[in-house]
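There are structures below to look over.
Below, subunit A partners subunit B and then partners subunit C, in two separate complexes.
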Partner chain A sequence: MPILEVENLSISFNQYTSSFKQNNIQVISSLNVSLEEGEILAVVGASGSGKSLLAHAILGILPDNATISGTIYYNGEVLTASKQASLRGKEVAFIPQSTNYLDPLMRVGNQVRTSVKTGDATAAQRAVFKRLHLQPTVENMYPFQLSGGMARRTLLSTAIVSDAKVIIADEPTPGLDPVVMKEALNNFREFADNGCAVMLITHDIESALTIADKIAVFYAGTTVEVAPVEDFTGDGEALRHPYSKALWRALPQNDFIPIPGSQPHPSALPTGCLFAPRCKEAILECGKKQPEMRNLRNGMVRCIHAT
Partner chain B sequence: MQLEAKNIGFRYDNGPWLFQNTNLTVEPGEIVGLTGPSGRGKTTLCRILSGYEKPLEGNVTIGGLPISSKGVHPVQLVFQHPEKAVNPRWKMEKVLSEGGKLDEELFDLLGIEQEWLTRWPNELSGGELQRFCVARALGPSTRFLIADEMTTMLDAITQAQIWQAVLEMATKREMGIIVVSHEAKLVGRLCDRVVKF
Partner chain C sequence: MRKNVGRKIGIFLLLKGLRMLTLLVAICFISFLLVKNSPIDPIQAYIGADMLKVGPEQREKIAEYWGVDQPVMVQFLNWGSALLAGDLGTSMIFRRPVADVIGERFINSLVLMLTAWVLSGVIGFVMGVVSAMKKDTWIDRIIKWYCYTLASTPTFWMGLLMLIVFAVWLGWFPIGLGVPVGVLAEDVTIANRIEHLILPAVTLSIIGVANVALHTRQKLVEVLASDYVLFARARGERGFTLFWRHGLRNVALPAITLQFAAFSELFGGAVLAEQVFSYPGLGQATVEAGLRGDVPLLLGLVIFSTFFVFAGNLIADLIYYVVDPRTRESRML
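And now, the complex of A and B:
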């Protein structure tokens, strides 16, 4: 049984277009994803595809003008707002995308120690700093004294020292040099191997492939494919969705050839398959209605052509 | 008309020297990678080459002559975060007009849609905004382009789209490019030679 399951999640935002006019923009539509214990799920996709919003929805920290439908299950039970509040920071740890999430008025060593729930907090904090190559003097610094990479490592530390069962990491690696990046990624792998579940949100497919078990590909606010990492190989012939294939082939180590066009804006989503306007295989039927997510070859896909 | 930095030295205020006696030459049409750990001064060197900072030692020349401080700078820099490089209170049309009169061909090449011109910067995604920043930097008088982690925040398809457009323009105009990136595979794909900083 998955520890975390997101079923048919949709999120829309109410926005004022002028003083008295509001409109509703759908940013995530019928999204399905599940996370198993002992597993790392990488979520990849373009910016604006709804990756961070999914994380915020799971934690219950979306802004007030967001409307949510669909269900999130945690350990088989429906995840309600009060449950979210009691779990986050404890069983569910979050590594936010922006380093602005650190408390600007608290020494970073102390911030990390507050996440330690059992045992010697100071020792745990020092051990994790050492592991991530942070000098002992860093613990007495304030966030404004840190470089981008140091702040990023502090955020990682707070999750590493916690006893969380689920870690949701939103773009945890930009700005890290290759040595520290590897250490951070290894840490996630260890977590998973100890029975935790990790959701790694990233646009860096290459580093995701080195540690993840499964990859969920997002496009325009929904999942188009969930595939085991082994399928990301060669020309991408093992992949299921045309967008995943295009993404894979556009990498500099592969063909480096892009498909034309760009992801539709949430206010102008096509009626049928969200990828149809850019898809070479699109037929009339693709433009009619959004295909359902279906199981295919040990993965999932949202495309009527996929075999 | 090669771009040459000779014996460049720089430090902020009275801090330690970030670098000294640094030399770099880029020929027209050449693509040079610049890599190295963060904090070494790669971005500062780029800012010096493109005229945002003055070197404390040494000088920067194009074709052996110092660069005029008047008019459009022939070396243009594209930054990592496009949302920090455009005026949030200007519509995209006005943002683009900063680059002077631009080639219509550029818009097609970069996939900039007409409809985006009337939007505000916060109504575009990072990838869409970066296309504008690239277009703005590719005015008719640009001889060298510096891409400082230009596509680090973008997905692979958008990254490839922008680079293919830039490469095509570079070949056509015989423009030199400096690529700053941590991504070894991208640098390997794009560059004629790589300088470790």
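And now, the complex of A and C:
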């Protein structure tokens, strides 16, 4: 049974365009993913496609003007707002993308210690710093003094000391040099091998492919395909959705052909299949209604004639 | 490393001191010229109602005595050199050394301003915090409305209102002055002084609250919408703990700095409040010196208030310099 299951999640924001007109912008629409213990799921999609909001929705930390629908299950139970509040930082840990997420006026050691829920916080923080090869002096630094690698490891420590079972990491790799990046990715693998469920939200499909077990391809606010990582091979013939195939082929080590067109803006989504305007295989049918997510060959897809 | 910081702060203070000095010279000169060219005749102001009884000869004598008949530049230089020797001159209206007058008045004003400063700072900060934590609720709206209304209320008007309500109608407090009328100076008790202090201090605080409150509210709203608060919430922090750990430390520093930088407004407010309450402080002395053309006293007050406001700003700068780790520790690296 998946430890975390997101079913038909939709998120929209109320925005005031003028003082009287209210606009409802749908940023995530009927998204489905599930997360198993001991497994890394990478949610991959272009930057700015609203992937981070998925993490915020699971944690229940969306801003007040957001409306959500759909259901999230944790351990088979419906995840209500109060349940979210009690799980945050205890069973579900979040790893943000940059030092901006650390309090600028608090020493980082202290910030890591606040994540420790039981036992000696200082000892736990020192142990994890040692494990991640952070110098003992780092605990007395302020966030602005950290290098990229140190920041990465500090953020990671907050998740490690919390003993969470589910770890959600948002864009954990950008701006890192290859050595630090490899180390960061290995840390995630370690989490999963120790029985945690890891959700990696990233635009970096290449590094995701090196450690993930499953890849969820995210397009225009929804998942179009969930595939085991082995399917990303050859010309992408094992993949199910035209967008995933195109994404795979667009990688430098493959054909390096960019996908023509761009993602639709959340305020101007097509009525039918969200990928239809850019899809070579689109037929009349595709423009009528958004295809449902369906199971296919050990994965899932949202396309009417995927086989 | 510590030594290095000390030296940096030394240089910082030196530069600030130089700036202060040039500012003072400029301000002295400008105010001197302004007063000299104002239509107020210092002799007439000095003599007041007895003017009719004074003949032209006597008038000249007085002018000579005070040195009013000499050219402007000579007067300025005379005064300037005396100033450098530590002599601020003699006040024409009080007929006492300016330094004494300012010293005595300052003690009175200091108590008033300090009380108002602390009160408005603390109350304003708390109001701002409550307002931001309860953003968009009725309490936030009331606090905001209160602040905007106050920000546009003149001090003297508020002072008059307080006088009418609490001193005249309710009779809770004396109507004015710093000490009771008809009581010998040595018989005046601390309680007497406090009684006279309350209304002007409260008036000043009520007005001073708006600035800190609105500023703190704005800052805290920003902090609460920041990434690091989001992350703190993602780690299970909430409510008061969240505010205590992340809100307070990020909001207190700007608020304290603002409060120090507001010395000038405090001084300006005190001038008006003291006038309304006939409170014998610096502000009242300034108004009198200005109206009656008491050049030495007025200039002494100008120098003093410049110092005062400058000190406030200097402290504000220093706090940022020393307390904020982003400026402090980057200097150590």
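FYI, the second predicted complex is superposed on the first by the 291 of 307 C-alpha atoms of A that agree within 3 Å, B and C clash if a C-alpha of one lies under 4 Å from a C-alpha of the other, contacts with A are read in each partner's own complex, and residues count from 1 in each chain.
Basically, a contact is a pair of C-beta atoms (placed from the backbone, for glycine too) under 8 Å apart; a residue touches a chain by one contact, two chains touch by 3 or more.
Remember, predicted model here, so these are calculated numbers, not experimental data.
Enquirer: Just checking: does A:Thr307 make contact with subunit B only, subunit C only, both, or neither of them? Give me first, second, both or neither.
Expert: Once the two structures are laid over each other on A, A:Thr307 reaches no partner at all.
Enquirer: In the superposed arrangement, which partner chain does A:Asn295 touch: subunit B (first), subunit C (second), both, or neither?
Expert: neither
Enquirer: Just subunit B (first), just subunit C (second), both, or neither: which does A:Ser47 touch?
Expert: In the superposed model, A:Ser47 contacts subunit B only, not subunit C.
Enquirer: For A:Thr114 in the superposed arrangement: first (subunit B), second (subunit C), both or neither?
Expert: It touches subunit C, and subunit B stays clear.
Enquirer: In the overlay, answer first, second, both or neither for which of subunit B and subunit C A:Leu105 touches.
Expert: A:Leu105 contacts subunit C only, not subunit B.
Enquirer: Looking at the complex, which residues from subunit A come into contact with subunit C?
Expert: 56, 59, 61, 63, 85, 88-90, 93-94, 96, 98, 100-106, 114-115, 141-142, 144-145, 158, 162
Enquirer: For the complex, give me every residue of subunit C touching subunit A.
Expert: 225-228, 230-238, 245-246, 249-250, 253, 324-326, 329-330, 333
Enquirer: Subunit B touches which residues of subunit A in the complex?
Expert: Answer in residue numbers: 44-48, 147-149, 174-175, 177-178, 203, 205-206, 246-248, 250-253, 256-263, 265.
Enquirer: Once bound in the complex, which stretches of subunit B touch subunit A?
Expert: Within the complex, subunit B touches subunit A at residues 37-39, 111, 123, 125-128, 152-161, 163-164, 182-183, 185-186, 188-190.
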